[in-house]
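Quick one: the structure is below, and I'll ask about it shortly.
Chain lettering (A, B, C and D) follows the sequence in which the chains are written, and residue indices restart at 1 in each chain.
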Amino acid sequence: MRTFKVVIVMLVIMGLLLTAGCADTEETTEDTESDMIVVGIMGPYTGGAAEYGNAAKDGAMLAFNEANLSNVEVVTEDTKSETKEAATAMNKMVSVDNVQAVVGDLISAATLAAAPIAEQNQVVLISPASTSTDVSTAGDYIFRTIPGDDGQGIFAAQTLSDAGYTKLALLYTNDQYGNGLATIITDEFTELGGEIVADETYEAGSSDMRTQLTKIKDAEPEALFIVSNTPDSSVALLRQVTEIGIDADVYGSEGLKVASILELGDSVEGVTITSVSPESEEFKQKYMEEYGVEPPAFAAQAYDGATAIIMAIEGGATTGEEIKDALYEMEFDGASGHIKFDENGDVAGGYVLVEVQDGAFVTLEE
Amino acid sequence: MILSCKDIHKSFGGIKAIQGCSFTVKKNKITAIIGPNGSGKTTMFNVISKLIDPDSGTIEFDGQDVTSLKDYELSKLGISRTFQDVKLFQNLTIREHLQIALSDSDERLLSNLFRTKDVESEKIQEVMEIVGLDKPLETYATDLSYGQRKLLDLAIGIAKPHSLLMLDEPVAGVNPRLRDSIKNILRELNNRGESILLIEHDMNFVMDLVDHIFVMDAGKVIAEGSPEEIQNDPYVLAAYLGNCGDEEEIECWT
Amino acid sequence: MKNEIKTSLGGKTIALLAQSIINGLITGSIYALVASGYSLIYSTNNFMHFAHGISVVAAGYMVYWLFSLVGIPFYVTCIITVILSAIFGLAMYRLIYLPLQKKGASNVILLIASIGILTFFQNVIQIAFGSGVKLVGYIEVSKGITFAGVTMTLLQIVILIISLIIFILLYQFMQKTKTGRNMRAVSNNSELASIVGINHIRISDISFLIGSALAGVAGILVALEQNLSPFMGTNLMIKGFTGAVIGGINYVPGSIVGSFLLGMAENLGILVLPSGYKDAIAFSMLFLFLLFKPNGILGKKEGRFDK
Amino acid sequence: MIISAYQTHIFILIFIYIILAVSLNLALGYTGLLNLGHVAFFGIGAYTSALLAIEGLPYIAAVIIAGLFASVFGYLLVKATDKLKGDYMAMATLGFSFVVYSLLLNLRDITRGAMGIPGIPKPSILGLTIRTNDQYLIFVMAVCAISVFIMYRMVNSPFGKLLEANRDNAVNLRVLGKNTFALKYKAMMTSAFFAGVSGSLYAHYITFIDPTSFYIAELILILTIVIVGGLASIKGSIVATIVIIYVPEMLKMLELPASVLGPVRQALYAMILIAILMIRPRGIFGKVDLE
């Protein structure tokens, strides 16, 4: 008997919540009747990757504010870098807000969790930062404005090899991004005749890598390549590189390009980052005007993702499907470089080297 | 002979709680262990019911060496015991307590999934009448008074299938009226043929109840015999009662 | 030249080993600062105060705010921070834990409440200071001092010395003062302690005050040695907790020893194993210690049922 | 379908977490095992089922093996921690969660480590493939109903009373001739089995898993559900699952400036949690206390 009561209580509560939910959807359907196209932005705004998440959100918002389309409404969702939260946020935006396209998520795991939902509901998902090779094959509606790990990995290996290094040490975060990129660099660099003399990892978000660095120092590499995607770890480890006294030249991936590391002052001078092609001067100006800081990593990519959606809408697309079709057709020079989506929704992207000079990120000319 | 302990030793760290304790309990008799606090009575009880493993010595129950058995295995062989500080199952009802005591099949997970629970009600009624606990069966243990809990604990001990009933200070802290009725219950049980072993430090309570007494001190049995023999044993009197002055000799043990 | 200095030692060099031991000591001292306050609070209150991690983070941000933003002299900042941390800890006890205890909440409930507090303040800090990494910048980052092949920064030496001084003071306090003895009495046997007239709430007050003041010191040193982000509290707490358990969570000197041991084990362990196993080493130690030596290295015997 | 896809998604999560919470309550609330390793069973179930299904095993087999595999770990955990007192058992099982997480992360050959497992197939039962979320909702609802019913019968059976007796006073129960170790491992294995099943449901629903899905955040979530609902109350766990999963979603309906939206919501959530505990320190339907 008590089970029965429990079930009844449960159903009543669910019924109530259900009506609340339906009321919400009705409202949004009214919105669509008035020709509003809803676009979402999602990413980690709390948790270890929040700094990147907020940068990407700012970048995308910049594009929407500029375009100022009367028929576009923007909603944001926090995904805390968690896969379940990403799936929930995606579902919420799809059915409550009735979005047609979303800029997000950053972490590959979150993008991969949200992708099936976007795909099934015919909603475009453009990630500004997920570089996992798995994202390429996640579906027709899944795009990204950042080239995949293979692109950056090959570029990094090539650069290091061209610079004449033969002994390379790798230090990377033990997550999807770090492992993915490290594997490709290792393969490529050994193919080019180099040797990986140290292969060390650390937990994302940890701030003590001294022994990893000690092992690296002991291996006497000519260059050290760092893959990091949480700012606190980036700062901590660059600092410890100096403190431990590693003589090797320090290189790093995209994730190191975050304003916080500049606060380390002299010790990060000369750190070289393999960055996807730099944001255009124009974008840099706009971003600095709006937010008062240099655009951090992924801001330009998010801006371009948003721009691509805006262009599709301006071209008359109103549904996710139409936006998707428009995206495969379009080609433009965005803030992060030339954007043309291939059949996987990936961009080719160009890479450049960015060096820290006099406390600022300076793009090196090819 | 239902129970016999031979040369039990047990120490905790440096403290020797039991040092070579031996005694036997006869069938259909009430046997008491008396002795001052700290003499090792309760430790001995815990050793017999295997809550504590002895360092050395053997325990025989019903002619079988049970020294190496686990506590619950021994209990299944037919030892039932109560505790001095009654700790029941706070969140269970009287009925559930007695069902647990009576049932021998409730440990099976799958076969119990769809069983209705009300099977032992006759036996439950019977035990409740024996101990004279006049409370609705659905009362939770937390809602009972101390005396009622003592009775429920006794009822559980009786309900559990057993051939030896071990009671750890059954009347500690209860009022005189309840004390008398517990004494009567024990007599009644003995008349039905129960073998009972009890710990008590109140000599008056055991003198006209039990058949045989063991006196323990400092982890050893120092004397044994019928109540009369113990009362008149000069060794016991001299060594223990004598120390306490002339009056209130027995009370000083409490 | 370099190759001459190196002496082979199972494929590793002595310099590498020595440096790793030093790394272990530095890591251990940070863990120990977190663990000592944590286990002080645990020993007298017997519940897991996971919000201790946020006391450390809050102290770090306080330094950042007072010193880097407001511009109060550094030593004054430190004093204010330690005092405010102590008050912060006391407030948590008085406003959250004590009312819950008075309503008969069990220790598990208090654990959940402490996680709630941790989450709340993490987010408040993020709202106030943003999600970015903050550096206090009191000390310029530079290459450490190399001595006999081992590199250490001045700050790290200072941290080690400060931790040692604090641990000695703490030990003296626990052993020599009346309050300290009362605290030990409560942690040994709280029932008996209340029978002999020790006021449990007062002892808890003091343990939260001192424990959180220690968190304040830890926060200052973490802010100087590493950097600040709103979400670092969880990580610090997990490692501090692990160190405390290994050494004996109920006994402050034990938890300090355990933390150093943990720091050493992590750093020496990854000389042999791939560095991805760093956390795995810590957690396996935690698990194995609880199974086979639940009272830790120095803790009092109480983790297991007596048999 | 009459409900929106978002509602469907939330309901699916709720049903999955009901199984998870009720099964934790079985060990924690009813049996008195302070188990903070439940999230590890959840993860073991998810990984086992996902990997087997990708290998081509039928879904039914995968989910059952996932449950059984988790319950083997349940047995080992009880066996290992049997002699530990409450708090220490809590810490040891917390350590177990951490160890399992580290293993999922580092056994790359089996689990793909941090890369996670994408493209987990949707379940297919007796030739019927579950494609849409609406179908999945019906499926999890059925599994949830069966699981909760079994656990409900269990705690109300004579066996269940023994579990509660064990929580209240294990020594007393042993002198009544009950093998408390057997009781504990049976309870823990059942608990772990259902945690494994819910892990499988989770993996095949989200279709992507990685080790971070089975770490502290998740552990805190399920522990919170059980505590807020009340120990030894299945009803409490069900209601609390709905509340705890719904509150953050409700907070999403708040109009907040985008710059502080994440942290403000989480701070509010933490406040609501503390408030519930302050008002009802034993949880919404809890009567029972652990030592």
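Everything below uses one rule, namely that a residue touches a chain if its C-beta (ideal position, glycine included) is under 8 Å from a C-beta of that chain, and two chains touch if they have at least 3 such contacts.
Owing to the predicted nature of the structure, the values given are computational and were not obtained by experimental measurement.
Centrality by C-alpha centroid: the chain sitting nearest the overall protein C-alpha mean is D.
When chain centres are set by their Cα atoms, the one at the greatest distance from subunit A is B.
Between subunit B and subunit C, the centres computed from C-alpha atoms are 49 Å apart.
Separating the CA-averaged centres of subunit A and subunit D is a span of 31 Å. Centre to centre, using the average C-alpha position, subunit B and subunit D are separated by 43 Å. Residue positions 105, 113, 262-263, 266 of subunit D each touch two or more of the other chains. Touching two or more other chains at once are residues 45-46, 50, 54, 174 of subunit A.
In subunit C, the residues that reach two or more other chains under the touch definition are 123, 126, 274, 276, 279, 307. Subunit B contributes residues 49, 51, 70-72, 75-76, 79-81, 83, 87-92, 96, 99-101, 103-109, 112-115, 117, 156, 160 to its touches with subunit D in the complex. By the touch rule above, subunit D contacts subunit C in their complex via residues 28, 34, 80-81, 83-88, 90-92, 94-96, 98-99, 101-103, 105-106, 113, 216, 220, 223-224, 227-228, 231, 260, 262-264, 266-267, 269-271, 273-274, 277-278, 281-283, 289-291. Of all residues in subunit C, those touching subunit A in their complex are 2, 12-13, 15-16, 19-20, 23-24, 26-27, 30, 123, 126, 130-135, 137, 140-144, 146, 151, 153, 226-232, 235, 266-268, 270-271, 274-276, 278-279. Contact residues of subunit D toward subunit B in the complex are 150, 153-154, 156-162, 164-165, 167-169, 171-180, 182-183, 186, 190, 232, 287-288. Listing the residues of subunit C that touch subunit D in their complex gives 46, 48, 96, 99-100, 103-109, 111-113, 115-117, 119-120, 122-124, 126-127, 234, 238, 241-242, 245, 249, 274, 276-277, 279-280, 282-284, 286-287, 290-291, 294, 302-305, 307.
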